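Pasting the structures here.
Two complexes come next, and they have one chain in common, subunit A, joined by subunit B in the first and subunit C in the second.
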Partner chain A sequence: MIERLRKIAIWIDDRVYVSKIFAATAGHHVPRTSGSWFYVFGSGTLLCFMVQIVTGICLALVYVPSSGQAYTSLEYLNYQQQFGWFLRAMHNWGSNFMVAIMLAHLAQVFLFGAFKYPREMTWISGVVLLLCTLGMAFTGQVLRFDQDAYWGLGIGAAMAGRVPVMGPAIVHMMLGGPIIAGETLSRFFTLHVFVIPGSILAIVSLHLRLVLTKGINEYPVPGKLVKKETYTEEYEAEIKQSGVPFFPKAISKDLIFSGLVLMGIVFCAAYFGPAGPHGIPDPTQINTAPKPDFFFLWLYGVLSLMPDYMETVVMLTAPFIVIGILFAVPFISNTGEKSPRRRPVAVLSVLFIFIVLGAFNYLGTYAPWSPKMEAWTSAATPTNYLEGRSPLERQGALVFHNKQCINCHSIGGEGGLRGPVLDSVATRLTGDQLVRQVIQGSGNMPAYGKNLSPPEVAALVAFMSTLHKPTEAPARDSTRSAQAASEIKQPNTTAEMANAKR
Partner chain B sequence: MAVKELEVISEKAPERLHIEMPRRAFLLKLGFLLNGVAATMVSVPLLGYLLSAFRNDGGFTSWITLGSLNSFPENQTRMAKFRNPYTRPWDGQTADIPCWVRRMEGGNFQIFAINCTHLGCPVRWFQESHLFMCPCHGGAFYEDGSHASGPPPRGLYEYKCKIEDGQLWIHGGQLPTLNQPA
Partner chain C sequence: MMARLQIGLAASVGLAITLLAGCSARLPGQPTEAERWRAPNEITDFNQLYTQNCAGCHGAGGRLGAARSLNDPLYLAFVTDDALRQAISKGRTGTNMPAFSEQAGGHLTDQQIELIVNGMRAHWSKSDDFKGVELPRYSVDASSTATNNDIATKALQAGAASRGGATYKTYCSSCHGSNGDGGSAGSIVEPNFLNLVSDQGLRTTVVVGRADIGKPDWRGNVPGHPMSAQEINDVVAWLAAHRKTTTVAVSKVEHSACLNMK
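Let's look at the complex of A and B:
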């Protein structure tokens, strides 16, 4: 019986060359030094991609890519379909892990100088894979067809619409019609399920093929320079002298890492569950503050904090400049030192980029630039800002609340962060300046002149003039006489007397 | 390989080569030509299908009613919604488009798009402070739609509107963007 199976196996191998293909791929020789913990991120990314394919196919069995029914089918997946919630969670976490591990792979490859001669194309194909993966992350976010997806598409359309002359046509092409509707979702489905994954499969093949033909990067040694004339010979000599077959000699750390990643995805999926969908994609339901997924929060931050005048130019050119620099990396520095120990600029660039992106992402998690749209109805004025105030000042606190000032300004930790915190505004602005600011506004603040009656302004300013710590004197006008100033310094309102007591 | 073959042939039968090579070269050219023509035949409908969305003739907008004038009290701004004139049967709720209708003294109307002119987020009307505010990046607009503060590069997009048969009509149908306002 066993003999028989053996014969069948040998027959199959003789016809389709399984063992030869295996020896030429998994069995290819790699430098002994590349069996390192630093070299596990590429295979980890590939594993995530396979998870995405398997879970993606399963989800596509149930998901309906129609703008009228996508949301319902997602709810069905979450609550009716057996293990539907788990597969959705796996797909979501698989995507998070894939982007994160891919970024680690990118950083490692960059720091180890693996992009240098003769592996320029390996780097370039990797950059294309990075773009494809980010494309998958964005289109996938659209397929979770909820409010965030709908308004996220609106933001994409608004950016594309800024292109001179061609803008409207590009928006139309992107949406597949005059508005965000049925055909929009269909084309993002097509991109997410056919076009981009197909490209990824093809480019991954190229990427791996290049790893076989041009070899995996040896662990960089400080002082060992890459020279075009001698590198290939040296590399081949190293492989011949001390190379080991990838399988079974160098694969163990990849296997351990991949196993951990897979378990990590399963654990996160089971513990955190699926993401959304949040809120039906009905454009008339406008009580929403759209927010991108984690890996695009930095973009949200950049778009919010950039000065207005440079916005359009940056939006339309920055992506091309960044992608262009990524493609140019292997040609900017093609030979020479590989070790990060001798490449301080490379190390600092990576640190700088990750710190900047991390900082923007962190800001994106609480978005201080966005007004808190419900603050005026949900956040109460802290009582210690009302105690001991005169009726006029309390009336001012009411105006402050009713006119939605608190949506952008916070006092006592309540309210928005769009405008300055007003806890100690009285130490920065005098009463006259407060009146001017309220009535005329400024670049970042609307002018309230038309919307506040003079008594309301007087009450509001009276209230704000009490906003300072008891230990800090309020701002005063230096053009006024010293005598008047000393009079002003005296606690002349009940609030200030209360402050002084505290 | 091919060169060697040719050499063998040319050694053995130099006279046959003259007859055969032009024939092979001709067949190769013919093969390329045929496939070129076939590819063109395929690509015309294919590209036509794909690029049809590039068409941007403005034929998507038309007049739609927002209902009776009485549903819009004077000196108030209210949200109204309309079914987009150009829809497909599977569009669902996405084809219900909201807008802000401002009725001034008498019969003067202004209709604003819901989309902020910065990046298209939905602006909200605050009756108390007479402002439209955007939840995304903090753009604000006055009640007449003009820019009040924040990053938006212009005031709110304003639809054309008219009054006919005691009803308010809006000229809409297209997502407004900077280079193609409503």
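Let's look at the complex of A and C:
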């Protein structure tokens, strides 16, 4: 019986070359030093991609790529289909992990000089894979057809629309018409499900083929320089002398890491759940604060903080410059030192880029440039700012809400961050200066003179004059004697009395 | 060795299946019905409606806000449903209470306003506490709830205001000062303050007080001696009469601002 099975197996192997393919791929020898914990990120990214394919196929069984039903089908998954939410969460967290691990892979490859001769094409195919993955992330965010998707796409289209001459045509092609509609979703569905994943499969094959033919990078040793004339010989000699088969030696760490990544995805999916959908994509729903997913938060921060005069230039040239630099990396530094210990510029560049991206991402999470349009009715005045205040000052706190000052200015950690925090405004501005600021505005602050009645101004200023720490004296007009000041600032007497009491 | 592995594998698969299917415990990531996005005009949960629309001024949980405490059984026993409905939907002209109904430029539907009124009653009313207590009437007359400063109200109050001074001294001066312009609780005759509150608002505060910040109601100003209906009317009229000095005070504010600009 066993002999017969063996024969069948040999017959099949003889026709499809399973064992030969195995020997040539998994069985190939790699430098002993490459079996390192630093070399696990590539396979980790591939694992995430496989998770995305499996969960993506399952999602595609339910998802309806039409503008009318996409949102409903996501709600169906979240609230009706057994474990539908978990499927969405797995796909969402799979993509988060994929982008994060891919960035780690990119940083590791860059720091270890793996892009140098003779692996330029491996790096270039990797850059294309990075762009494809970001393309998957963006198109995936659009398929979650909610308010974030709608406005994210709107911003993408608006940026594309700034291209000179071609702009409108590009937008038309991107959206499948002049507006975001059913055709738009069909286009992004096609890109997300067929075009980009197909490209990724093809380019991953090339990427892995190159890893096989040009070999995996050996662990860099400081002082061991890459020379075009001798590198290949040295590499082959090292493999012959101390190489280990990829399977089962070097792969073991990859497998352990992949297992941890899988557990991480499952844990995050079970614990944090899916993302959204955050509201139907209806442009008439104005009380929304759409935000992109984390891989584009930094871009959201950059675009929000950029001065408007440089917007068009930066939007249309920066992506090409950045991508161009990524492609050019192996040609800028093709040979020489590989070890990060001897490449301070490379190390500092990576640190700089991650810190900048991290800082913009952090800013993007709380968007201090954006007023909080709901704050005036929902952010309660901190109770310690009302304690012991006079009736006029309490009315001032109400004016502060009713005229929506709190949407841009925070007090006690409540409210927007668009304008200065006002917790200790009374130490910076005198009553008169506050009146002037409120009535005339300045800088980014609009003038409120026409929107506030004199009693409202008086109450508001009385309230703001109380905003200082008990240990800090309020600002005083040094050009006036104490007596004259008190005479002119009569409407604020209650405020000052309250301060004097404190 | 192999057998042990198989047993272990079978056990962990079994455990996983039990955890996933058999166990009724909810995983923390599973979205709940409460997290489901709803269009603002479809929100029907009182707590959510209150937190999003009222908490800014009336305080989280209806207490300790800058505006009137709504989580106050006495206030809820005193105010009528209709007055609440009117105040929420149309706001109070001349005060800091804005209109919330869609017809008046806000974004609450009539049904949501009804939910807020009912929700305040359901969550914060304790009508049993006021059985047998004779509460003063909510309003003197219907017109005074609608507008501030209107002529009819002023005419009504003219006589009352002269009596109100004495009533004030009896009931209010211990906290607000002998003339109303100071004391531990701050001035209540400040013209700018009076221009931002309606007569009904003054009346409500005189009757109901602010239990959350320690201001007594109409029974507690002089312990054991509740204010009579007449006294309440009089003291509100007396307070309202102090509004007339507004223009003088305001011009001073503007004047000082002009001085500063130069």
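Keep this in mind: the second predicted complex is superposed on the first by the 412 of 502 C-alpha atoms of A that agree within 3 Å, B and C clash if a C-alpha of one lies under 4 Å from a C-alpha of the other, contacts with A are read in each partner's own complex, and residues count from 1 in each chain.
The criterion applied here is as follows: contacts are C-beta pairs under 8 Å (C-beta built on N, C-alpha and C of every residue); 3 or more make two chains touch, one makes a residue touch a chain.
Please read all numbers here as calculations on a predicted model, not as lab measurements.
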Just subunit B (first), just subunit C (second), both, or neither: which does A:Ser453 touch? second
Can A:Glu393 be said to touch subunit B (first), subunit C (second), both, or neither? second
Contacts for A:Met173 in the overlay, against subunit B (first) and subunit C (second): which applies, first, second, both or neither? first
Taking the superposition as given, does A:Pro330 touch the first partner, subunit B, the second, subunit C, both, or neither? neither
Determine, under the contact definition given at the top, whether A:Pro220 touches first (subunit B), second (subunit C), both, or neither. neither
With both complexes overlaid on chain A, does A:Ile280 touch subunit B (first), subunit C (second), both or neither? both
A:Asn402 in the overlay: touching subunit B, subunit C, both, or neither? Say first, second, both or neither. both
Where on subunit A do the contacts with subunit B and the contacts with subunit C coincide? 280, 287, 376, 402
Where on subunit B does subunit A make contact in their complex? 51, 53-56, 60-61, 79, 81, 84, 86-88, 90-98, 114-115, 118-124, 126, 128-131, 133-138, 140, 142, 148-151, 153, 173-175, 177-180
Parts of subunit C lying in touch with subunit A, wherever the complex brings them together: 20, 27-31, 33, 36-37, 39-40, 51-57, 59-60, 64-67, 96-98, 107, 182, 185-188, 190-193, 195-197, 213, 246, 249-250, 252-257, 259-261
Give the list of subunit A residues in touch with subunit B in this complex. 66-69, 150-151, 154-155, 157-165, 167-169, 171-173, 175-184, 280-284, 286-290, 303-304, 308, 311-312, 369-371, 373, 376, 402-405, 407-408, 418, 441-448, 450-451
Per the contact definition, I'd like the list of subunit A residues that touch subunit C in the complex. 75, 78-79, 83, 85-86, 89, 146, 268-274, 276-280, 285, 287, 374-381, 383, 386, 389-395, 397-399, 401-402, 406, 431-433, 435-436, 439-440, 453-459, 461-462, 477, 488-491, 493-494, 497-498
